[in-house]
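Next up: some structures, all given as structure tokens.
In what follows, chain A forms one complex with chain B and a second complex with chain C.
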Partner chain A sequence: MKITQQTSENTLTLTLDGELDASSSVLLDTELSQPDILNNKKVLIDCQRLNYISSAGLGVFISHLQRFQDAGVKLAFYNMQEKVHNVFEILGLDSLMTIVPSQAEAVAL
Partner chain B sequence: MKNAIRISCNRSNLKVVRDFVSGYLVGYGQNAVQVNQIILAIDEVVANLIIHANGEDANQFLDIKLDVHNKTFTIELRDQGISYSPSTYLEPDLLEHIRTGKKGGVGMTLVNRIMDRVEFSHSGTYNICRLYKTLT
Partner chain C sequence: MPQTQPLKSLALPLALVSWVALLLTTLLRANPTLLAIQLPVWLTLLAQGVFVGSVFLHQRYQPDPLRGTDFVGVLRRLVLGPGLLASICVGLHLLERLLQFQFGVADRTLFAIIYTLNLGLFVLFLAHTCYTWRSLVLFRASPSVHRQWEWFEVLLGSTLLLRLVNIQLPLLVAGIILGALGVFGGYLSSHQRWVAYLSRRQKWEVILLQLGVLLALGVFTIYFLRIRHDPQLVAPQPQHAFLLLTVFFAAFYALMGLLVTLFNLPTAGVFEQKREDIINMQRLTQQIQRGQSEEEIYASLFDAARQTVSAEAAWLRIDEVEGEPYSRRELVTEVQSQAIEGLLRDYNISGIEYLNNDLPSSSGFRALDLPFGSLLVLPLRSSKHTYGDLYLLRHTRQGFDRESLSMLQTFASQTILSIENLRLLQDSIQNERYKEELKIASSVQESLIPKTLPTDNWFEISSHALAAKEVGGDFYDFLHLPGKGLAILIGDVSGKGITAAFHMAQMKGIFHALMQENPLAKDDKERFPLPSKFMAMANRALVHCLERSSFITATLYIVEYESGGFVFARAGHCHTLYYHSLKEEVAFFRSAGLGLGIIRNETYDKYIKNQFYDYNPGDVMVIYTDGIVEARNAEQEEYGEERLRQMLEKTYYLQADEIKEAILEDLAEFSYGQPIHDDQTLLVIKFKTAQPATHP
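Presenting the complex of A and B:
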């Protein structure tokens, strides 16, 4: 798993490249746990190159969602592959998290 | 085709198992979503066995065997760690997980929702988990 960051206009974009499992999700958790991440208005997750997610990866997002909401930070996913989106759907997380098709829609949130 | 693999109880072997299952399923006509679901279910059980049943002890091993018979895909996992009791399973309340910031507790839900049947049993000192999925 490779995570790259880009910040512009109070928006932090994290680009995920690879597979999020019980081994690699620790890295994502570290990124999302940074205190200054709450200084952003939006945290956008570019999932185009996210090829796999397990419950460990989902759990990292679940565990930070309330913290982000409490701080007024919007968390949104975009460019999600169908097979990854399906994992969110199986649990019903697609209705609890913001997932949009494109970067343009994520930026416009 | 290779249908069995033995791994040590190390998280880095999760990827090894996923690649093994993915390679086995080539040729069974499953689309990307279906293949991913099966890989996910197996990955969740293997992760639980590595982390919870065997405490990530690299001296412990898991044996994984795959088989397709009459369109039923069967996965058998054997280990000698702490037994899992399916009677302890509770459907997660995701809103509560979000509210409390809980990280875990949804893996077996994915397994139960993806697979047609999930069985846990014992044979001697071995725990045996069998997962069944009809290939469409």
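Presenting the complex of A and C:
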């Protein structure tokens, strides 16, 4: 798992590359736990290269969801692969989180 | 050596026979009138030679008198056994003199008998001494010394023959040969290695015993020297060269041993000290193997160290023994020890090895006004950990030497090794206990999964559950709802292991608590909660105990056989796979529904829905957890919903059991050789035509 971040105009973009399993979830959790992340208006997750997400990975997003909402930070996913989207959908997360097809749509939010 | 066997067994009878022959020939020579002919001298000499030779041979083949390192015992047996023969010799001589004096007769026969007896005793004593010395010379000796000894025996034996054949060598040559042999014997006498193994007390004993040997030798020698010129002596000179050499060797060895022992006396203390150290070391080592407590190991270090350096006062300070600081002190007050420790801290030398053999000359220590002259500080530490310090004190200056310091260092490292071993042992016991507890958890969880599946004539059910670890997060359960039908719950707790297992048990509790009949229900619909209601209540209950990043997915089905339908709510769990017998179609129920524990407020109710369906006989429902569809093959591809769907298309007409087996077989084939990384649960329910039997 490789996580790269990029900041531009109140927007933090995290690019996830690889499999988000129990061990790499810890890395992601550290990224999302940083206090100054809440200074952003939007946190976008680029899922183009995210091949797999385990329940631990989902747990990380779930645990930060409320915190982001409370701070008024929008969390959105884009470029999600079909099978990863399916995992979000089965768990019902697609109704809670913003998942858009492309980066343009994510930026326009 | 088979050829020595007859020699060995012959030696003793030969000695006896030859001694009797010697006695007879001597007697005959003393009384020449008894026999008409004069006996030749060589006959007596031959008897003498054979006797001496066979006694030595017999002694040679006796078992080694030395047992282990019991040198004192060997010498004691020599002195108190053969050594006492000397007193018999003296006694016989005195008796003879007394008889002669009393009766005024010089009886040649009596003289001859006593002479022959004494000669026999002397030879016996010499043989014993000679072979006792052999064991001592050869004690831990090199093979070359063994060979040298054999040569010495051969040369000694040849001097016997020399006399026998009665060759009169020129005095000079004989002197050279004898002198050379004497030097050889003297050289062999230098092998006194055994003396080093004696303690001080043993050395004193050995000196006395060797004096005893010398005394016995002296008595015999004086007797034979005196009698040599006695007019009554009719026997020819005994094996002069042989006896002389043997006596020389025996006496020289005893004398050398005596001197070596004597000179070694002052160093005996050092050897005893070393022995003491070794014993201490052994004791310390044994305590590891007995697996005693840390406290006992420290205590034995404390005692061993104090004894080794004869420290009058000492204290040991250990930072932690089972969570508590630990200390021991001996003849030093708390105030003194703290003052010294404080001083060392001030000098910035605490926690390192420190030796001060002249405390009064250092101003800091002088100021403390201690009754001690020397201080030694020994830190106890390994490369990773510091355990504490040992302080040893002596009243005298120059109380500690370098040697004892290195001994103490060995003690210290041995102690640390013991402590670390003990901790490792305790850790492994702890681990073993955890494993045991995990096994218990596993069997407890096993008992939470229903063993007997509900049976009835309107459905068939078959189940499979496999945990990836000892305990898992998958669960399923059934509950018979009286007068209504059957509740089936399947679920999966995120994560694996103990935490997941706890939540799973909790979920089971919630299931049994909430699916109770409501006695206040006004109509049939309210008797049991609808699945969506159940999920909402379960979500509320779980919020308090589920950590923020954990969630549970579940689906609850309530099958009502009277109406031939079922209702279910899916809380983020895998879609239900279904075979519709009327439509002859396999499809997933794709309904929305959020997992439990994701939203932690009342709004959850909005995210969960009920779905109703009327089943027909022949319909098949496949319920599973993600461990099935996410199982991977060698190419890291997932088994997937589609492959599962195709499997049901191929097998829907079979019995529930057979459908389950077919799916599992296909799954095993797909993921062959791959580890299971998630719990797998699979339930197959097949509805049948028959109506239920009447329930009580």
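Following the convention adopted for this analysis, the second predicted complex is superposed on the first by the 109 of 109 C-alpha atoms of A that agree within 3 Å, B and C clash if a C-alpha of one lies under 4 Å from a C-alpha of the other, contacts with A are read in each partner's own complex, and residues count from 1 in each chain.
Following the convention adopted for this analysis, contacts are C-beta pairs under 8 Å (C-beta built on N, C-alpha and C of every residue); 3 or more make two chains touch, one makes a residue touch a chain.
Computed from a predicted model, the values in this text were never measured in an experiment.
Chemist: Please determine, from the superposition on chain A, whether chain B and chain C clash or fit.
Modeler: Chain B and chain C clash in the superposed model.
Chemist: Based on the superposed arrangement, let me know which partner A:96 touches: chain B (first), chain C (second), both, or neither?
Modeler: both
Chemist: Quick one: classify A:83 as touching chain B (first), chain C (second), both or neither.
Modeler: The answer is both, since A:83 touches chain B and chain C.
Chemist: Determine, under the contact definition given at the top, whether A:74 touches first (chain B), second (chain C), both, or neither.
Modeler: It touches nothing on chain B or chain C.
Chemist: Which partner chains sit in contact with A:66 here, chain B, chain C, both or neither? Use first/second/both/neither.
Modeler: So A:66 meets both chain B and chain C here.
Chemist: Given the touch rule stated above, what does A:58 touch, chain B (first), chain C (second), both, or neither?
Modeler: In the superposed model, A:58 contacts both chain B and chain C.
Chemist: Could you look at A:41 and tell me whether it touches chain B, chain C, both or neither (first, second, both, neither)?
Modeler: Neither partner.
Chemist: Which chain makes contact with more of the residues of chain A, chain B or else chain C?
Modeler: On the superposition, B touches more of the residues of chain A.
Chemist: Just chain B (first), just chain C (second), both, or neither: which does A:23 touch?
Modeler: Only chain B; A:23 stays clear of chain C.
Chemist: Pick from 39-47, 273-281, 381-389 or 543-551: which stretch of chain C gets in the way of chain B?
Modeler: Of the stretches 39-47, 273-281, 381-389 or 543-551 of chain C, only 543-551 runs into chain B after superposition.
Chemist: On chain A, which stretch or stretches are contacted by chain B in one complex as well as by chain C in the other?
Modeler: Touching chain B in the first complex and chain C in the second, residues 22, 29, 55-56, 58-60, 62-63, 65-66, 83, 90-93, 96 of chain A appear in both lists.
Chemist: Which residues of chain C touch chain A in the complex?
Modeler: Of all residues in chain C, those touching chain A are 492, 494-495, 548-551, 553, 571-575, 592-595, 598-600, 607, 626, 638.
Chemist: For the complex, which residues does chain A have touching chain C?
Modeler: Touching chain C from chain A are residues 22, 29, 55-56, 58-60, 62-63, 65-66, 83, 90-93, 95-96.
Chemist: Quick one: which bits of chain B touch chain A in the complex? Just the residue numbers, please.
Modeler: Contact set of chain B toward chain A: 11-12, 14-15, 18, 32-33, 35-37, 39-40, 43-44, 47, 50-51, 94-95, 97-107, 109-110, 113-114.
Chemist: Applying the document's contact rule, which stretches of chain A touch chain B when the two form their complex?
Modeler: Contacts found on chain A: 19, 21-23, 29, 52, 54-56, 58-60, 62-67, 82-84, 86-87, 90-93, 96.
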